Amino acid sequence: MLRKLFPHPGLTVLLIAVWLLMLNSLSIGGLVVAVLLGTVIPIFSAPFWPDRPRLHFGWPIVEYLLVVIGDIVAANFHVARIILFRRNRDLRSRWLVIPLDLRSAEAITALAGTISLTPGTVSSDVSADGRFLLVHALDVGDEAAEVARIKERYEARLQRIFR
Amino acid sequence: MIGYALAIAFACVAVALLLALFRLLAGPTRGDRILALDTMVINAIALIVLFGIHQTSSTYFEAALLLAMVGFVGTVAYCKFLLRGDIVE
Amino acid sequence: MTHLIVAPIVLPAIIAALSLLFRRRRRWLGAAIGLAGCGALLLVALALFARAYDGAISVYALGKWPAPFGIVLVLDRLSALMLLLTSVLAMIVLCHAVITGLDRKGWHFHPLFQFLLVGLDGAFLTGDLFNLFVFFEVLLIASYGLMLHGQGASRLKAGIQYIVINLVGSTLFLIGIGVLYGVTGTLNMADMALRIAKLTPGDQGLAGAGALLLTLVFALKAALLPLHLWLPRTYASTAPAVAALFAIMTKIGVYSLIRVTSLIFGAGAGTLAWLPARWMLPASLLTVMVGFIGLLPARGLREQAAFGLVGSTGTLLVAVSLFEPRAMAAALYYLPHTTLAGALLFLVGDLIARRRPDYGDAITVGPRFANIEVISVLYMLAAIALAGMPPLSGFIGKLLILDAVEAHPAAGWIWAMVLGTTLIAIIGLARTGSTLFWKSSICGEAARPAPGGVTSKELLPSIALIILMVALVVGAGPITVFCDMVSAQLFAPQGYVEAVLGKGVAR
Amino acid sequence: MSLFLLFLLPFLGAILVGFMPHASRTTQAAAAGAIASAALVLLLVQAPAVIADGRVSARMDWIPILGLSASLYLDALGLLFAVLILGIGLLVIIYARFYLKASDPMGRFYAFLLLFQGAMLGIALAGNVLLLLIFWELTSLSSFLLIGFWRDRAEARQGARMALAVTGGGGLALIAGLILLGRIAGTYELDGILRSGALIQASPHYPLALVLILLGSFTKSAQFPFHFWLPHAMAAPTPVSAYLHSATMVKAGVFLLARLWPALAGTDLWFHLVATTGLVTMLLGAATTLFKHDLKAILAYSTVSQLGLLTMLFGLGTPMAAVAGLFHLLNHALFKAALFMNAGIVDHETGTRDARLLGGLATLMPITATLGLLASASMAGLPPLGGFLSKEMMLEEAAHTRLAGIDWLVPLLATIAATLSVAYSLRYAVHVYLGRRRAQTPLAPHDPPVGLWGPPALLVAGAVAIGLFPMALAGGLIRGAAGAVIGAAPPPLALKLWHGFTPSLGMSGIAILFGALILAGYAPLLRLWDRLPLPVAKTLFDHGVTALVETSRRITLAIHNASLQRYLGILFLSAIAAGTAGLMAGGYVPGERPTLPASPVAIVAWAALIAATFAVIRAQRHRYVALIFISVIGLVVSLGFIYLSAPDLALTQISVEIVTILLLLLALNLLPKRPLRLSSTPLRLRDGALGVIGGCGAGFLAWAVMTRAPNDPISAYHWTNSYSGGGGTNVVNVTLVDFRAFDTFGEIIVLGIAALAIFSLLQTATRGASGRRLLQWIPDLVRSPERHPMMFVVATRLLLPLAMLVGVYIFLRGHNLPGGGFIAGLVISIAILMQYMASGFDWTDQRRQLDEHAMIACGVLVAAATGLGALLFGRPLFTSAFGHLDLPVIGSFELASAMAFDVGVAVTVVGAVMLALAELSHIAQRAEKDARSEHAMDVDPARQQETPA
Amino acid sequence: MSLEFLVASTIGVLTAAGIYLCLRGRTFPVVLGLAMLSYAINVFLFAMGRLVVDRPPIYEKGLADYADPLPQALVLTAIVISFGMTALVVVLSLRTYLETGTDQVDGIADRQPEDGGA
Amino acid sequence: MSSVAELAISLLILLGGAFALIGSWGLVRLPSLMTRLHGATKATTLGVGGCLIGSMIYFPASGASWTAHELLVTLFLFITAPVSANMIAKAHLHRQRCRLDADAADGIKEELPEPSADTGWATFWTPEPAEKQDSSAIPRR
């Protein structure tokens, strides 16, 4: 019953938050509507999201977000330098193959998204069995080190979130 | 101060728009054109946000929001067409 | 019942939605809903006609917004006449479609049909220029749907032309409306009539451009040369019952021409007075000619009927284009006639085509078919009606027109064209009838009946049309008096303006 | 009143007989005959009054505005004509009963005949020239049916069409002429017109009116050069010929001359036109008759000749000539009807009508021969028959007529014509009945039953009686009729056989003598005639019609060449012309509204738009690329809307744009992606020029309006009343859902219809030719095997609820801030469409809980119901209500009825968009060759775990 | 350069391109041309309310300077209608292509078979 | 408005503008599509991000009500941008592998590493080869 009413509790929370952000104000009326929508919309959209991921809310997520934001800023400056000052023929752009330990589509997508969001790397494809991620890097000296960095910085954290 | 910053930012984004336009027209591959279009959409969002600051008006943000969503759909549809021909299958 | 004015628009819309909702139920339910809707619409139209008959102009402000600011519906004699004509024709055509099973040949016949009525009735009633555009679009898109109903390669190809051309027409319509709004600052036709009169000289040119663009769009719908090009092929490829209903579609163009010109660009419009009329006469004379000339070599009954429709609408436009009360009254008598006659020819063509499935409506010698005697009589009457020969109403209409234009400088041209084309129509239709009925009667074997079978019930709608035309003849006295009153009302637009905007505003 | 009954009787009879197709032949004949007799009796009842008072009339208003009244007018002329119509009609009905074969549909014949009789009677009785016109054309139509009665004979069909074309066409000229006449006289009532002869003849329109009327009259009466239809009309059954070509139809033209005589006759123009035409026709007809061999052709051409005679007589314009004309009209009707019937008997009994095969029938068919000889003697003008009397009068009149300044011309020609008529009449008599039999006829000749010879016998008896006792039998009638024609007292009338030795007697004698001589030398003359290169009228007519049809076909095909390009080109050209003409008509003065400065960003965006536009044109054959460029245009337009204070428009533009692109991509998949070039460079230059001109025009109009100050637009009211009256601060939205809610109502209907039309179009796409093409379709792209990329699928799963939330938000705030039902509907549609794109059609379709049809219907219903709700409160449709609702705890809500309307809008939009796009993508499935996937993602690590590869 | 000029020239260029594309011989460019024309017409109609920067028609009491809301409402209606129409044309042209195997609309394709039948 | 806030806003805006420009510059000058993708990503993240954050500070600072819509725009962009990039890359991989584009770059044909022996990249390789099926048997809805 509860499962039917709240197929995606996490989603419900997210929707309520987004609604309140959109309203720009905190009123009881707004909250009522938010809860209402947060309940109704997931019921409608639940069929389209059959296997919901189990998420661990809490510090790991916050930590992950902070790390990613930091990396984004840093990487932006790094890449900006490359674009502005590096000659094309000096570019060490190459393909990376990242073996994955994550086993859920949502988690892999989150990882791939993170990789793409940090400039300098774009996740381009997954392998047909979902165990490898193909990443294009703009300028990488040491492939193995870069792969290890990604696995350690992002994948490990994501594994803690998606359990 | 903000005024000057805005002016410079507007100029930057405008030039960015032009550069993306160049890539759009020049190609050479279709992927390039899609990428250029996507970039133009992103630049447009930036423009809208800057315009909002310029006018001190929050009326325009929905447009940015919608553009973010719709630009994505467009890009994906174009890519899907290249990959499969059929965008819904 | 002041609210009755909205019924011709809202009622079919609801009927359409209902028949859409019940589409999965039994077959007859859709037909029953549609027929009931048409019947109710007919009653409403009659009531409105009765209300408008004595000359009162009823104005209905939608949303209670006062006149130039909101949308108003205006019921005067002309709109009541058009409403009545539409309802009658719709009823008959729908009966034909249901009896012949056309409504089951594809999806959504009934909703599209009713939506078409929404558009037609809306266009006849509205007093707002942009609202007119909207209803034009409603009726056009419904007509696209109906035109493609049943499909087939030629229908699809003709459909593309029809739709694209009308889409461009809609574009021009919007330009016209836009310019007029930009210059006059209003969309309400009555208000615009007032404001046009007060324009500064600098603005008049722009208003003139807008006026002529609107005229062009209406002329496109009315199939005025050289904008008639889309019509023959479209109507020739449409299901005949649908084409019969489309006979009213050219009239919507004529109606709009009359309405907009007489109200907005009439005598009160200063330098722009009667601007749209200036180009119409030569164009409509040529339309008459091209229409009837096209009738002669036509290969199919529908093609012939389509060209006939172009020609007879041209005749109508000749009378309209003089914008002179007597000629207008004559045109208003001829208008229902040409609508019914065109529809009749299409319906009879359908009856013939359904009875010889191997030949369809091609004008070729085929085997004898069921009801050939009665149908030959029907065809002859339809031909007489279209050509404008006695004893049906076309002759009276032509007499009225010829009589009314006698004093006009171009009377010679008009007479020559109207009478000359009548001869061409006689020759062409006689050839067709001779081929279809006389030559065909020699063939020994009887035609293979249509797959669905044919019944003599199918003849009833066509007979109803003939009865209507006979009624037009018998009642010609009062009807012409009424047409005269309609015309008088049109040429005194102050009444309209005052009804919409309140007393004392007009001049 | 009885006049109306009289005039309606044949029509009623036609209907009656027409509705008894299964009755026996005799019953049908009896019914028809009873009708005709009743009419005749009714007519004769009126006769004393007509003779006494000069006329009987009855009048009923019909169309007062037009001046067309149902006015009947029976004077002696009408009476004479009506007696002929009804009397001979009765005889023809009897005759036809015996003449027609059992296989001929008798009921139809009588129905047509009575219809024709009614029309003729209408002409005779019409007291209003417009009414006369109606019957005039009706005679053409009904004679068309009669002539074409034997529809399986080609010559009958052609003859009928020819008769219709010529007489109907002449009738059209007559329409013009009579209207002109009526307008000159100021009335269409016959007596009014007849009274204003002087006024008419003084009018500048008189010549035109006269020519037009004469065209009508001459075509009907088969005058040269319109005479050719008459012989071909002989393809009709003989009773028809007897009726149409003796007493009635062809006489209508002459009757019209007589009828309008007071108004039109007497001028030089009249004389020259009518008399000359009559003379020429008389001569020509007579000459042709002589050399025809078909009995009916002989009679037909003789009719032409005799009609020429009548026409000439009325053309002379003297009262005495008119009297002669009337008398001959009567005589001709009698003997010609008898002759036709006679020829019919010969045909019926011998099986042939060829005069060269017949001969010596007198002994075999004595009754028939007697009748034939007497009737042809009357035609020849031999004393003491009626024909002799009227021909004498004609020659007498001709004797003192000058034409073209030559005294002897008319007498000479008249005598020649009389001679020829004697010759052909004698030939008919001699070659058929006298002499020896020349060949074996198909049937063995013998006298027919009385039903066939009775009617002609009566007619012949009449002809003989009139010859013997002219004054007693016809004097009163002719005098009365002459009075009616002349419009004054007729000249003293002395109808008698012996006038003394007058020039006319001499001419008559010469005619008889030479006529006999001609017959004696017939064979060499015939050879001579056969060698003359005479044009055959029928061929000319057929050529004319063929040429007309061929020309029409050429013109029509040349104009309607089925090229959309041409049609559109003309439309664009007309639009440019219309705009220019409008501007020229009103003049242009530059506006003075200050312009706004363009910021650099605006210029850059503008440049992007222009560049993208040109890129689209350049890339139009690379369709996919062109689509990408189109997107840029849409983007810049949206930005422009934002910049120029139209956020609602921007939102709408952005969302519509993407749906359109999706639609185009879906369609493009199955369309050719890189087609061949079609148009040549000059064509493209031409179209380019047209485009540039049109673009300049549109740009100029926009510029001209934008640079002038607004003219007190009505939107000021919308602005001030938006919040107080409409309950919302977003004026655009309030306008849409309140001020102009009716527009929006129409707009969602348009959208709904579009979706329905698309649906029904695509429903059949999997069948027939289209279905085959889909099955054979081979993707022209190399395709990647992956259909549902994982990242995309995951992203859309998260985006769907978010986007729907945004949709709801945009909907709710629409009334006060940019947004509204339409945009919300589109956003929600896009959100669902994303699912379709990501996870595939089938997967999504199974999970979607929408019935799009019902959504469209409900949307329209909700919108309508919102509008109708106002009616419950006695307010007009679409009157909105709004209010602030205070709920405990939750706080204050604004509720507006317009919002319910907006719900209808949103529901319709979602339904329509989903219906259209889902159906379209469903079609593409047909073309797919791959197995359909049941999975939402092609790569799903979770799935891979369960079933290790 | 004034904003008005930019808008007017945009309308002009879009119209010109629309007309040119509409006059091509295949359905797809015609559809593109119609799309162009509808852009042009939307901007045109919008421009009929005159250009105003940053005064969106959101009602505030006392504010007298605002963009004319009425043309905007009209454009909204027009956009929706032209969207429906465009969708129909697109589907129809696809459907016709599937049925007949050609996407030409220049009449050449239909003329050949008809000549014989005349 | 405090000058600190003003300074912060100005800096953020400038940063945003600059990164948008640099991203687009990368789009123009980088040699191949894969490398250009990196440039475009930057415009997304920091370019727009900078402007958005600037705006987020600006409104409360200038006295207008605080809005969170910028956060939502960011959220949307952060969800969508990687997917867009991913799809473009996939399309590019596909077209390069099939030699559909004129000038091949990025070494996709030759240098692309394979994930492992028993599998391939999803764009080129599918674990369950789609068998032919009679597509006329599509069930109607």
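Note that the chains take the letters A, B, C, D, E and F in the order they are written out, and that residue 1 is the start of every chain.
Criterion: a contact is a pair of C-beta atoms (placed from the backbone, for glycine too) under 8 Å apart; a residue touches a chain by one contact, two chains touch by 3 or more.
Not measured: the values here are computed from a predicted model.
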Separation of chain F from chain D in steps, with touching chains one step apart: 1
Centroid comparison with chain E (C-alpha atoms), farthest chain: A
Chain whose mean Cα position lies farthest from chain B: D
Chain pair, A-F or A-D, that carries the greater number of C-beta contacts: A-F
Centroid distance [mean C-alpha coordinates] between chain E and chain D, Å: 37
Whole-Å gap separating chain C and chain D, where each centre is the average of the chain's CA atoms: 15
Distance between the centres, which are taken as Cα means, of chain B and chain A, whole angstrom: 22
Chain B-chain C separation of Cα centroids, rounded to whole Å: 49
Chain C residues counted as touching two or more neighbouring chains: 130, 134, 137, 141, 144, 148, 151, 153, 160-161, 164, 168, 175, 178-179, 181-182, 187, 297
Contacts with 2+ other chains: residues of chain F: 23, 25, 37, 65, 67, 69, 72, 75-76, 79-83, 86-87, 90, 94, 118-119, 122-123, 125-127
In chain B, residues with contacts to at least two other chains: 10-11, 13, 15, 17, 30, 34, 59, 62, 65, 69, 72, 76, 78, 80, 82-83
Chain pairs in mutual contact under the definition given at the outset: A-D, A-F, B-D, B-E, B-F, C-D, C-E, D-E, D-F
Chain D - residues contacting chain B, complex: 599-601, 604-605, 607-608, 611-612, 615, 624-625, 627-629, 631-632, 635, 638-639, 642-643, 647, 650-651, 654-655, 657-658, 661-662, 665-666, 668-669, 779-781, 783-784, 786-787, 792, 799, 803, 806, 810, 817-819, 823, 827, 830, 833-834, 836-837, 840-841, 917, 921, 924-925, 928
Chain E residues within the chain C interface of the complex: 22, 27, 30, 34, 37-38, 40-41, 44-45, 47-50, 70-71, 74, 77-78, 81-82, 84-85, 88-89, 92-93, 95-96, 99-100, 105, 110, 117-118
For the chain B and chain E complex, residues of the former touching the latter: 55, 57, 59
Touch list for chain F against partner chain D, complex: 75-76, 79-80, 82-83, 86-87, 90, 94, 98, 100, 118-119, 122-127, 130-133, 135-136, 138, 141
Residue ranges of chain E in contact with chain D within the complex: 1-32, 35-36, 39-40, 42-44, 46-61, 66-77, 79-81, 83-88, 90-95, 97-101, 103-108, 110-111, 118
